[in-house]
Amino acid sequence: MDFLLNEEQEMMRKVVRDFALNEVEPGAAERDETEHFDRSLYAQMAEMGLTGIPWPEAYGGAGSDNLSYAITVEELSRVDASLGVTLSAHVSLGSYPIYGYGSEAQKQKFLRPLAEGTKMGAFGLTEPYAGSDAGGTRTTAVLNGNEWVINGNKIFITNGGEAEIYVVFAATDKSKGHKGISAFIIEKGTPGFSFGKKEKKLGIRSSTTYELVFEDCRIPAENLLGEVGQGFKIAMSTLDGGRVGIAAQALGIAQGAYDKALEYAQQRVQFGKSLAEMQAIQFKLADMATKIEAARLLTYQAAFRKDKGLPYGKFSAMAKLYASDTAMEVTTDAVQIFGGYGYTRDFPVERMMRDAKITQIYEGTNEIQRVVIAGNILKGK
Amino acid sequence: MRIVVCMKQTFDTEAKIALTADGLIDSTGVTLVVDPYSEFAVEKGIQFKEKFGGEVVIVCIGDTQAETAIRQCMAMGADRAVIVTDPAMDGSDQSATARVLAKAVISQEPDIILGGFKSVDSGSAQVMLRLAEILNLPHVNVVTNIEIGEGKAIATRELDDGVELVEVSLPAIFTAQQGLAEPRYPSVKGIMQAKKKELKRLTLADLDIDPTSVGPANAKVKIHGLTLPAPRKGGRIIGGEIPEATADLVKALRDEAKVI
Amino acid sequence: MAGVWVFAEAKDGKFRRVILEMLGEARKFADHLGEELWAVLVGSNVAELSSLLGEHGADKVLVMDNPNLAAYTTDVYAGVTLGLINTYQPTAVLFANSNMGRDLAPILAQKLDTGLITDLTGITYGPEILFKRPIYAGKALVELSFAANARPMLLTIRPKVFTPAEPQTGRQAEVITASADLNALTLRQVIKDVIRKASTRVDLTEADIVISGGRGMKNPENFKILEEVADILGAAVGASRAAVDEGWREPQYQVGQTGKVVSPQLYIAVGISGAIQHLAGMNSSKCIVAINKDPEAEIFKVADYGIVGDLFQVIPILKQELQQALASA
């Protein structure tokens, strides 16, 4: 057993941290305030190869691993959780299904520009009446000649509006429930595909979240991803991986808030002592640091198992559950340590606390994570 | 075109400096990085390679830790590296360092030699020029631009009150000032490839240098001791409404500090 | 022969202040050794500056006046200076830590196979003379001495550290005129063009007052308000790394561990948080003023005076107050 990162992973962390501190952090508060998604940051990430870390070079990727990808999402989220989720949704949700289930032609046509970062990916599963229960999907796809005709709405879509390539789930046979769902690749600009409401959110405000609207949207038959009826399976396996990304995002938020709180506790003097000299604060910091380390081990383990080709669904659910709860707790404590200042927008912990909440909700609420974990445990996995 | 870049590993500029019980610089917990001035030179070297073809060779004197810095230069795009690691080098002065560097650099038959005009640690700003003198090569010091021509180059040298354009024939040595090139972030692919690139490890013996000719015993300049500057005490925050506070500040600067 | 030499770099018929500072310290150095203080004047039309050097403490002035020495190039200056050193065998030669000194001294040190201590900030005279210089951009200091065989001792001197000697009107130095055959020197550096800064503003490293802006300036245009204050004070305008990275100011105005190290009488940090790398570049200023809206900013820990507030509110008032204060002075 070896708990040390290898040389490349260490370098990845250093490089992404430098990038995050120099390029991402300075504008993070303002982007949050104005709900502005900065595509130029995505372009810089593309240039560095961050948009296709785990995919093979044959598809425009960097040929690296999921652990490096998790470290990248963590480091970005440490200063800006919005950019962290942008990358996570792009890689884990928008790109993975094409890598995992796409044909060679689909990989060349869609995965390559996603990996190279000339395009951005998104994932359309959630609907007004089908959130955690994907079986209730009402969006339909009907084969008409050599085209699929898509009708329906998807909501809360991360990267919506900005992304060029969407993996969208629709019922091809409603009578079959889960087994009647199929996955499709739909490009921005396709007639009949438009964007509805832009969500105004509590946190991750500089990542875009849109409703996708399909009205007789016709796509070529070859844009079916995987096989007819395979959609639910594709969605679930995608979410297994996506949870590693969200766990990493939550871990990064927690680490970022903890770092700010630690620094502040050492600087801020009250009653003639620095906050860090007071036991009440020391205990808080100790708990925060311990939870973060535990979240990190769970998250890296899930990524590591994925890289090794081992079953990891239970582990990624545990990582997501624990890391997101940790993010919420640690950011709340960080705001507390900052006191009145922490509640203002002059300091980043306020934003981090708002950003943390979503990690307990998306890619399966934490209640769903427990369902997944319990399901695995009870099956003896 | 073969571009040799002399690279030094240093403390991160955000590092706090403390002394050990023995009065030496305490490196515990300090992040080591490619010296920022070396990094400008590395970036410029890679840009030359991308424009004119050829290769970028990193030359470094340092211990095994310095290999991390070398790998980072490789991740940026440097092709291979030579590192001189020898315990005899500990405590060597700039004169000895330049002599060792000269042997390592010239063995690479460079067309252009780049390095930082100074480093952010010792900052003595003399090794690259001593190197030029030893190798009997022309140099331009403290440059913010280099244009390569046929067998020659024109470099923009910083003056106290402006710049001048200096032409030299190649091979030549240029020392980087901030502004020469903005270092790129290594790409993921670059990071993946870095480990596979050639890193040649040399000792002084490999360079035909007598280890007893370097080190503190041969230093032209001897170190007597290190101290930390007296910490500044925080002064006073001038409170009150901004207009009054600002007026008070000006009064204090004139009557108390007597600096205006 | 021996002596402590000051390489009296002149430009446009004038010395920078650091040359007079060097003479002040070199006088003590020479007296300690019981040797003469020589000033070395190399350039074109520089001979008339000899008297000023005498008034500031030089015993002898060695003049190498030649039209072909009007512009500095390494090979020519190193060639003639080496000739002078070999002829007169000084014990120590002091150069300004200017762009010329930084170029010339290391080349000479290698030609003479001797030691060089750059960026000197202090000398302690005793049985062994100790030379102090900053390392890690002033986060630490090192004391050094020259090995017995390292002669001459070569040094470059940081501006604004040493005190110039009081000029003694009428004090005269003996002038020695030297000449050299410049044609015998190989010239490898050819100056194609010189571009002087259009700005008349005082040099960052020489300025008595520096006002610097950081991330809080928000955009390049806002630096205008700092320039207006600088005009009133005769100050130089610097910038933090954050401001330079944003592209708001040119890199040559960056104050910090990368960038320029300054030690003015008064340093005004505006919208600068006080990253360690910045502090290293201005920590040795006599008086530091910080203006920042964040009361916890690190800069306040080193500032003699601080105002917590919006710089865009403070600076215009500061400008007015300074105008009034200086008008009444």
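Each chain carries a letter (A, B and C) given by its place in the written order, and its residues are counted from 1.
As a working rule, a contact is a pair of C-beta atoms (placed from the backbone, for glycine too) under 8 Å apart; a residue touches a chain by one contact, two chains touch by 3 or more.
Predicted, not measured: the structure shown is a model, and the values here were computed from it.
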Touch-based graph of the chains, sorted into line, ring, star, complete or other: complete
By mean Cα position, the chain sitting nearest the middle: B
Inter-chain pair with the most contacting C-beta pairs: B-C
Interchain centroid distance [CA atoms averaged], chain B/chain C, Å: 21
Intercentroid distance (Cα basis), chain C paired with chain A, Å: 53
Computed distance of Cα centres, chain B from chain A, in Å: 39
Interface residues, chain B side, partner chain C - complex: 11, 13-17, 19, 25, 36-37, 93-95, 98, 117, 120-126, 129-130, 132-134, 138-142, 144, 154, 157-169, 177-179, 219-229, 232, 234-238, 242-243, 245-247, 249-254, 257, 259-260
Contacting residues of chain A [partner chain B, same complex]: 7-8, 11-12, 14-15, 18-19, 44, 47-50, 53, 57, 62-64, 68
Sites on chain A touched by chain C in the complex: 22, 26, 264, 267-268, 341, 346
Parts of chain B lying in touch with chain A, wherever the complex brings them together: 68, 71-72, 75, 185-192, 194-195
Interface residues, chain C side, partner chain B - complex: 11, 16, 73-75, 98-100, 102-103, 105-107, 109-111, 113-119, 130, 134-147, 149-150, 188-197, 203, 209, 233, 250-252, 254, 256-259, 265-266, 275-277, 280, 283-284, 286-289, 295, 300-310, 313-314, 317-318, 321-322, 325-326, 329
